[in-house]
Structure formats: structure tokens, C-alpha cells
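Two complexes come next, and they have one chain in common, chain A, joined by chain B in the first and chain C in the second.
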Partner chain A sequence: MSKLELQAVSKAFKAGKVLDRISLALEEGEIVAVFGHSGSGKTLLLRLIAGVEQPDEGRILLGGRDVTDDAPETRGVGMAFQNFALFPHMSAFDNVASALTARNAPGDVIRAKVEKVAALLKIGHVLGHAPRELSNGQKQRTALARALVAEPQILLLDDPLRNVDAKLRYEMRLELPSLLKASGSAVLYVTQDYKEAMALGDRIAVLSDREFTQIAKPAEIYGKPATISVASLFGDPTINLIPVAPLASPGETKIGVGGASVSLPPGFARLAGKSCVLGLRAEHIAVEDKASPDSFPVEVVAVTPLNEKTLLLLRTGDGREILASEAGTSEAPRRHGPAFARFDPRTVLLFDSDSGRRIAPQAA
Partner chain B sequence: MSEVALSIKSVDKIYQRRGKAPVHAVKSLDMDVARGEIVALLGSSGCGKTSTLRMIAGFEEVTRGDIVVEGRRVNQMPPARRKVAMAFEGYSLYPPLTVRDNIAFALKSARMGSREVEKSVQEIARLLDIEPILDRYPSSISGGQQQRASLARALVRQADLYLLDEPMGQLEPQLRAILRGRLKNLLVDRRMTSIFVTHDQTEANALADRVAVMEAGVLQQFAGQKDLRERPANLFVATFVGEPPMNVFESRVMNGDRVRFAIDDGPTLDFGNADIPPKVRAAIGDREKVVIGVRPHAVRLGAGAGEARVVSNQWLGDQSHLAMEVAGKLMVAVSHAPIPATAGERVRFGVLPADLHVFDAATSAALSHGLEAA
Partner chain C sequence: MEHTSVAERIVRGVLIALVVIFFLFPILWIFLMSFQTNEEILRIPPSPFFTPTLANYSALITGKLTTVSGTLDIAFMRNLWNSVLLSTASVAVALILGVPAAYAFARYKFRLGEDIAFTLLSFRFAPPLLVLLPLTLYFQRLGLTDTYVGLIWVYQLIALPLILWIVRGYFEDISPDIEYAYRVAGHSWWRTFIRIAIPLAGPGIAAAGLLAFIFCWNNFVFALILASAAKQPVTVGALAFVTASGIQYGQIAAAIVLSVAPTLALALYAQRYLVEGLSLGAVKG
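Take a look at the complex of A and B:
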């Protein structure tokens, strides 16, 4: 039985529909990252689940029970709704315990539970401290402890690392999955940082255009994005998108890129004559000094190092700009001028120009 | 250097505040920038980078020392006479003029012919992707567009120096990588001597020939990104530059028959005599405590003296980040290929002598980088 199930949930405001027939099931101990731009309806989704907002249509099930019409406090299943802010006038202990005291638990039970979760999060030694005496990392963990202490079956986290500096955000990104897993809660984690979504989510639900465009494991979202928009949301630099018109030639299908004719792998014959968009990740383009059969001439316009990678801005013969990246760092940061680019046709993604949907190769 | 475009000589900036202690924002700064060079001032807020840029521009007085632009001492010169072009926060677009007229303003004042003005404006607008908003007014465009318009207004001018404040700060990620490339191409192509302030090391590394890393008013290191990565001058630079940052551990060192680094509450890295060159051993000397560091990309997994529990292993599409628990902290290894390990499992790791950085535990100054003394 799913811990949380959304069945075709819709919600509109005066300005129009924000969520349109959203469905998702969350299993025990699973972390699902809800990823989308600001304004895509991510927070609204959490508010609907918490019961602060009512859906116009659709059902919400918690632990198999339909709670759509229940008030937030009677939804019956432990749930925490968190943005990682602490009460400044309370000690770390009281901050964590505040999630329990509201439920009239006895003092020694509270103490035992707080200490247990504090040990898990390695903040046992600072429970007596006020928030201002805690390091930023300890603050984040204290807030997480408060969310976890009541052992919620479902934890809703609303972009909890948004206002955290880059270094700590990175550390938390590494630590959070194991901390959340240890709690056993099913977690819905809202973020607008694609790396955070990939790092934390067992699955990612991409929210765009009022619906989940794709719900899949991180590697699949990156490698087989359902649409052009999903492809461009994941990846740094953003994926190169090039309009192409596949042509049938004897025994194969070809596309023209930057003046070169590149053979597509088998399975794309049905695309001949259609207008498509080619998606090409920067790391799949190799830049070489010499021409080879599948390469096309480019001008290296700029070389910009990027964290153990080097980005090359290329201009193709037909004036298009594309980005290639090389692992490692270039020894010649100003290597400009003519070169040749090449990509493995097996790495290409093809999308339908009209619908924006990815076209999978057909099995022979 | 015969072609020095900008020379900053022993410059201090002290802000006097009524009823409060003065703030020493920039401390004896020395820096030469060659003609055509692109330099980034990198640091977190309050490090002195913006004060430095504003002194060069002439918006702040120099408390001590000299600023020399193309041989002219400019300390007392008003901003407009310094032959510098600026794109600054607070140095905003003229509200009553369209974006086009804002960009053209300085060119017209310099009596450039109208056809040439139009051509220059079009060129820079195309480069920065603001052609569609040329006839709009500043109040009707987004913050990111205002930033690009202000950048265009500076870059279109003829100047001895270009001073840019967070030039790409507000850009959408989709545009950023391409615009950075175009901007770099323009600066390199036209040999525009440029100094820009940023808190974003990605931007600094992408655009600059050399990066000046500042902290607490002091220039920590002024070097190309390769040197910052491979030869950081001290622990601050080592852990500030690089994403993710360098793994560092306090450790006891035994510099005898073998060289051993015993990480406090962690494993011991043990190197044979032949592995660590004499000059590195000499640099370490008879210290008992040092800080050792290794870049995440240089951590070797699967073999080596260390063993640790995997905290997480995250694939981001084009790289893997593996976090291990070492000495009560996280040690991160990064690889461009997926790493076969799961959370909870124990893995072996090692550090090659060529990848090891050693720092003085007290002063935090670098002692050695790989097989070389610092």
C-alpha cells in the first residue's frame, strides 16, 4: 500500500489552473523530489497534501485512506511540513521537542525521542544551545530533527536548503538522503535545483505546465528526458537543441548537423521528412584538431573552464552556437580558431518539434 | 611588465564611522594588471573586492597608496576622467532614455558618427541577446535585462579599463554559459583590459585569465585558475576555490624513515621515502602537526591506506559525487564516470603523493603541493 497517493488532483485559482490531474504514489521509505521552476505549483502541491488547501478534483490518499475531505489535523497520518526555520528563543532541545509537546506526550517520552533523533543527526551535544549558538549545519539538522522526531509516515519538505549558503547546501545534499532513509518516512522533497533533485530523489517528479511531465529515476530523467523542457531543465550547461530534418537514405536515416551528414542509429526510419529537434549534451561532443568521417567544422569561439571541466563555445558552419565540454581542464585557455566537432550518434536525443516529446528509437 | 594597464600600489581603504571603530576594508593591496588581461576579484561579501573596484573607478577615495591607470596616477581624478567604462550596481541606466539610447549615449558624446553608433549598438546588443528590448525603457525590463543593458553600455565604449560588477550575476542558467563564452570572446578579441568582481568562482574561472582571491581585506592569492587549483597559497584559497572544495584533515606527521600522516581520529596515510621528494620533506621539516588536503577529483577509490563508510553516492548526469565518513567529517570523491558503491558499504581510498597538499597547521600557509615544495 502506498504511503501517499495523489489521484488526478486538480486545483485552479482565479488566474487559471495551476495543477491539472496530477497523479503520484509514494512508497514507504521512498524519497521523491518534486522539481520545477518557481511558480510551477510545487508548494501548492504540498499544501494540498497537508490539507491547508482543498483540491477542486481528484483524491488524496494517506496510507490507503481517502483524506481528501478531512481537515489537516484529522488526516490521521503523521505528517511534517517543514521549511527548516527554528524558533530563535528556544533551545535546540525545545525546538525539536516542540513537534511533540503539541501532542501532550509525557516528559520522559519526549526526552527519549528527542535524544534518539538527536543522536541520529549528531546534534546530541548541542541540544542545550540556542539557535544563535549553533553552526549553520547544526541549525539545519536541528530543524530536520524536529521534522523527524514525531516519526511521521510522510515528510513534506519545502525547498529546505533554499536559503543556505552554497557550501552547506552541498554538504546537506550529501548527508540528507541517509538521514532521511534512517527515519523510514516517505519524503516528498520540493526543490528548484536540478542537482539537488538528482542527488536526493529516489525518483524525480518534474512539474511543468501544470502536470508531472515525467516521473522517473534521476539517471533516466537525465538520459531519457520525456520532453524538450525536461531535457533543458537538467544539465549544466543546458543541453544543445538543434532543429533537424531527418532524411531517408538507403538503409539508414541521416540528419544534417553543422554541414555534416550524420547517420542515426537504427530505429529512426519513421522520422524521415519530419521536423525534429536534436538534443545533444555538451559532454557528448568531442572537439578535435583534425577532421574525421563524421565530424563537422566549427570555430572555437571561447574556452571557459568550469570546475574540472572545460566548456567550449563553438560556432558551426551555419552560424549556430553550441557548447561542448571536456573533462579535466584545458592547458590552453585561449585555444581559439578552427576545429572539428564530433558526437557519437548513439548519444543523440530526438524530439518531435510540435509536441516537444522525445522520440524513442523503434525496435527492429 | 612593460604593458601594465593598471597598477595598484600598497593601497589601503579604511572607512571611518562616526562613533564606531573604523573598518579596514582593504589592506596593503599590491596588484598589476597587464594590458588586455581579464582579472576577477573573487571573495565572499565583505572581503574588500567591491571596495577595490570602487577605488579603481573613483567612487571611493584611496586612504593610502596609489592607483595608476596607463601610467596616470588617478587617486584624485574624478571617475569621468579616468578613461574607465563601468557596469555597476547603483550606476544604473538613465530612466528617461531607451535601452538603445542608454547604450549609445557615451558614443554620441564622443562624437562618433551616427551610422557607426548604430552599428556598434547592434553588435553589442546581439552579443548580449538584448536586441528585442533596445527600444524599451529601463523601468519596463527585467532585472537580468537591465544588467545586460548596463553591461552593453560599458562594453560598447572605448576605454583603458572595463570595470564590471557581477557581470553575469542575474542571468538565467540557460543563457549563462553561452553569454559567458561570447563575453570572453569579445574581451579577448578586442584586448579589453577588464576587472570584474564576483562571488561566484564559476564565473571567475570561466572569464578571467587571473583571479585575485580576497578575504578579510587581504589579497590571498593572485593567479591563474590552474595555479589556484594546483598550488593554492593557503588553506583559505584551497578550500574556497574548487567545487566541491578540497578535503582537508588535521593530522600528525612523522617525517622519518617513512612519511606518515596520521589523520586525527582517522586513517594514516603512509608513504615510502622514495615517494616523497626531499624538497617536500624539507618543506614539512620537523613539524608535528600539519593539515593535509586532497581535491575531490584526485581521491583514488578502491585501493589505498584508507577505509571508510560511504554516506552517499550521487550521480548528477555527468559526474558522480561520493561522500565518505572520515575522521568525523565528510570526505568527497568526484568522478566523471559512475562510481560503483552504495551508501553504508565500506570502500578503500588512497591519495597519491602527487595529489597531496600539505599546509602549516598554525599559519595555514601551503608547505607543499604534490611533489613540489610550495
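Take a look at the complex of A and C:
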């Protein structure tokens, strides 16, 4: 039985529909990262689950129980708000303890639980402070502690690392997965940072255009994105998108890229004559000094060394600019000037240029 | 601000002194008058030097006003007590009714909500005389003339809109997420209202309560028309000092000092609640 289940949930405001028939199920102990642009309805989704907003249609189930019409205090979820939403007139201790006092726990149990979660989040020394005396990082941890302390079945985290500085965000990104796993809760983690989604999510749910365009494991989101927009949201540098028109030739299907004719792997025969978009990740493009049968001539326009890789901006014969990356910083740095680019046809992604959906190869 | 020259500091000191004198001199003069006899007050030219007397205060407290034409009974202490009772009870009723109403107007959008809130505010626009005549007739019919209940009810015209509109603004300034966070943590709506919304709007509630108290205290015309001597507050009671044998300036001054004292004490006490910025650091700014 799923810990959390959304069944065709819709919500509209005066400005229009924000969520349209959204469905999702979370298993026990699973972390699902909800990824989307700001304004895509990620926060609204959490608020619907917490009971702070009411859906127009659809049902929300927690642990198999329909809670769609229940008040927030009866749902037993833990939630960390993006703006922390600490109670300014209470100490950090009372803030964290607020989730336990509601359940009428005895005082010493409350103290023990608060101190345990505070130690875990390294805020034990500031429990006596008022929220205004805490640094942003401590506020964020206090808000997180408040969500965690009652060991809820469902944990809703609304972009908890958004308002903290880069160093702390990096640290927390490393610590959070084990912390969340240890809690045993099913976690819905909202973020606008694709790296955070990839690092934290067992699965990623991509929210765009009022619905989940894809819900899959991080590797699948990256390797088999459902649409052009998902492909371009994940990956740094952004995936190269090149319009192509596959041509049928005896026994195979070919596409023309930068003046070279490349054979597609089997299964794409039906695409002949259709207009498509070719998605090519930068790391799948190899740049060489010498020509080979399937390479095409390019001009290296810019070279950007980033410690672990080097980014190359290439201009193809037909004037298109594409990005390639090479692992490591080669000892002899690549010079500007003519070179040859090549890619393995098995790594290409093809999208329907009308619908934007990825076209999977047909089984032979 | 630390780099001010001596000249600047002197100029600032002089200017502040001027403002203070302008506003406080009348109060100081009344305070001095309250220790003088009528003759000393009325001498020309006036002088700040006199032999202090407590006769004015003792006359007020004993309730025996001695004039050239004999001794008059005045009910000043009773009036003072009426003022305290009427103002306190009116503000208490207005807080009990107004604070939850202000919360409703701040948090919930409902049909005619804005219209109701504006209608309540409009009580402050209308001159009291406009409503007094019909009110007197109704009160006579209902048997509410010359009762504390009737006066406290009428005083809601003064106190309720004030509290409603000031406190509403404070509730609106509280991030709804803070309240939602408390509810998601498992607390009922009512507990959230009592434990989160009220404490956070505390300075606003204190300010509104204080203002409402002062306005009620200073009201004159409602009590003049709707109450008899036994139920009248000090503002109306002060009329008794205009006697057939002349105006008792010394007693009036003493009465003013005594009637200003409670509001002044209350204002000084409430001051620290007014300046306390509780909301600081609540949410990421």
C-alpha cells in the first residue's frame, strides 16, 4: 500500500488551472523529488497534501486513508516551508517541540525527542534562541527538525535549501539523503535545482505545463527524457537540439548532421520523411584532430576548462553552434581552429518536433 | 549620527526644548493651577509663584465644593469611577468582539466581507449627534437610558471600528504560512488562533485597545444625553464646576489632573508592548 497517493488531483485559481489531473504514488521510505520551474505548482502540490489548500477535483490518500476533506492537523504529515515559517515568539526548542505538544506527549519524552533530532541537525546549542537570533542555516535546520521530530509517515519539504548559502546547501545536499532515509518517512522533496533532484530523489517527478511530464529514476530522466523540455532541464551544459529529417536508404535510416550522414540504430525506419529534433548530450560528442568516416568538420570557437571537464563550443559546416565536453583537462589544451566531431549513433535521442515527445526505437 | 558638531547638538537641543515646551506647557500650567486658589489663578498678571494648597483635591475627594454662596455636593469621584468602569468595560467588550472579527476579515474572503468591514468603519465618519436623537428614543423604549449596559453598548460605536481596523492590519501582516505550519504540526484552528495569531498581533491589539480606551474616556456627548448624574463620566461631570457663583478653575484643574492620570499611566505601561517588534526574523525577508 502506498504511503501517499494522489489520484487525478486538479486545482485552479482565478488566473487559470495550475494542476491538471495529477497522479502520483509514494512507497514507504521513498524520496521523490518534484522538479519544476518556479510557478509550476510544486509548492501548491505540497500544500494540497498538507491540507492547507483544497483540491478542486481528485482524491488524496495517506497510508490508504482518504484525507481529501480532512483538516491539516489530522493528517499527520511533516512539512518544512520554503520561508521556514518559524514561530517568532517561541524559542527554537518550542518551535521543534510544537509538533509533539499537539500529540499530548509527556514533557520528558518531548525533551528527549527534540534533543535527539537537534543533535542530528547540529542545532543543539541554539535550542534556547529565538528565531530572529538564528542564522539562515540554523533557521532552515530548525524548520527541518520541526518537520522531522514527530516521525511523520509523510514528509513534505518545500525547497528547503533555497534560502541558504551555497556552502551550506552543498553540505546539506550530501547529508540530507541519509538523514531522510534514516527517518523512514516517504518524502516529497520540491526543488528547482536539477542537481538537487538528481542527488536526493529515488525518483524524480518533473512538473511542467500543469502535469507530471515524467516520473522516473534520475538515470532514466537523464538518459531517456520523455520530452524535449525534460531533456533540456536536466544536464549541464544543456543538451544540443538539432532539427533533422531522417532519410530512408537501403536497410537503414540516415540523418544529416553538420554535413555528415549518420546511420541511426535500427528501429527508426518509420521516421523517414518526418521532421524530428535530434538531442545530443555534450559528453557524447568526441572532438578529434583527424577525419574519420563518420565524423564531420567543425570549427572550435571557444574552449572553457572547468576542472573536471573542458567545454567546447563548436561551429559546424552549416553554421550551427553545438556544445561538446571532454573529460578532464587535457595536457595539451585544445586550440581554436578546425577539427572533426563524431558521435556514437546509439547515444542519440530523437524527438517528434510537433509534440516534443521522445521517439523510442521500435523493436525489430 | 555620531559625527555631529557641538553647534548641531545645541541647535537640536533648543529645537527639541521648543517642541516640548509648546506641547507640555498647558499641561504644566494646569498642574500648577490645581494647587492654587481661584483668586491666585485669576490674578493679573499671572505668576508661577504661589502658596500651594491641597484644598482643590480635598474638595474633589470629599465631594464638598465650597463656594461663596455655600457648599455644593459634587460627584467627582463617582464620575471618575464611572469613567474607569465605562471605558474598561467598553474596551473589553470591543476586544472580545473585535479581535476575532478582525481575524476573520484579515484571513477569510466572504460575501459582503469588505462591505461589512467598511460599514463598521463608517461609524467613525458620522458625527455622534446624527445618531443621538434616534438612539435616545430607542433607548427610552428599551429601558436602556441611564444604564451602564446602554452606555457600554453605545461606546462600541467608538471602540469597535478602531480595534477592528487596527488589529486587522496586524493580522494581515502575519505570514499565513506561520499559522499553517502550526496546524500541520497537529494543532486545531482554535489553538492556532490563541497560540500563534493573538500573540503575534499582540502589539497591535495593545495599541488598538489603548487608543479605544482613550477615545472612550474622552467621550462627552453620548454620556451627556444618555445618562444621568449617577452614571456620568468625568468629561460630563466637569460641568458641575460651572456653578452659579462662578467657575471653579482650581477644582477644574485638579479634576483634569486626576482624570488624565489613569490614561497616562496606561499609556506609559502599554508603551513597551507597542514598540516590541515581535515579527522580526519570523520568515525569510
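Observations on the model:
Rule of thumb we're sticking to: the second predicted complex is superposed on the first by the 308 of 364 C-alpha atoms of A that agree within 3 Å, B and C clash if a C-alpha of one lies under 4 Å from a C-alpha of the other, contacts with A are read in each partner's own complex, and residues count from 1 in each chain.
Criterion: contacts are C-beta pairs under 8 Å (C-beta built on N, C-alpha and C of every residue); 3 or more make two chains touch, one makes a residue touch a chain.
All values derive from a computational prediction rather than experimental measurement.
By the document's definition of touching, neither partner reaches A:12: not chain B, not chain C. Touch criterion not met for A:241: it reaches neither chain B nor chain C. When the two structures are aligned on the shared chain, A:25 is found in touch with neither chain B nor chain C.
Shared-chain residue A:132: touches chain C; no touch with chain B. Chain A is touched at more residues by one of its partners, and among chain B and chain C that partner is B. Of the two partner chains, neither chain B nor chain C is touched by A:105.
By the touch criterion defined above, A:336 reaches chain B but does not reach chain C. The contact surfaces that chain B and chain C form on chain A in the two complexes do not overlap at any residue. The residues of chain B lying in touch with chain A in their complex are 173-174, 176-178, 180-182, 184-185, 188, 202, 205-207, 209, 224-226, 229, 242-245, 297, 311-312, 314-318, 321, 323, 330, 332, 334, 336, 343-344.
Contacts from chain A toward chain C in the complex involve residues 47, 50-52, 71-73, 75-79, 81, 83-89, 98-99, 101-103, 130-134, 136, 139, 146, 150, 163. Those residues of chain C lying in contact with chain A across their complex are 175, 177-178, 180-189, 191, 196, 199-200, 278-284.
Partner chain B is touched in their complex by these residues of chain A: 167, 170-171, 173-175, 177-178, 181, 195, 198-199, 218-219, 222-223, 232, 234-238, 281, 283, 301-309, 311, 313, 321, 323, 325, 327, 329, 331, 333-334, 336.
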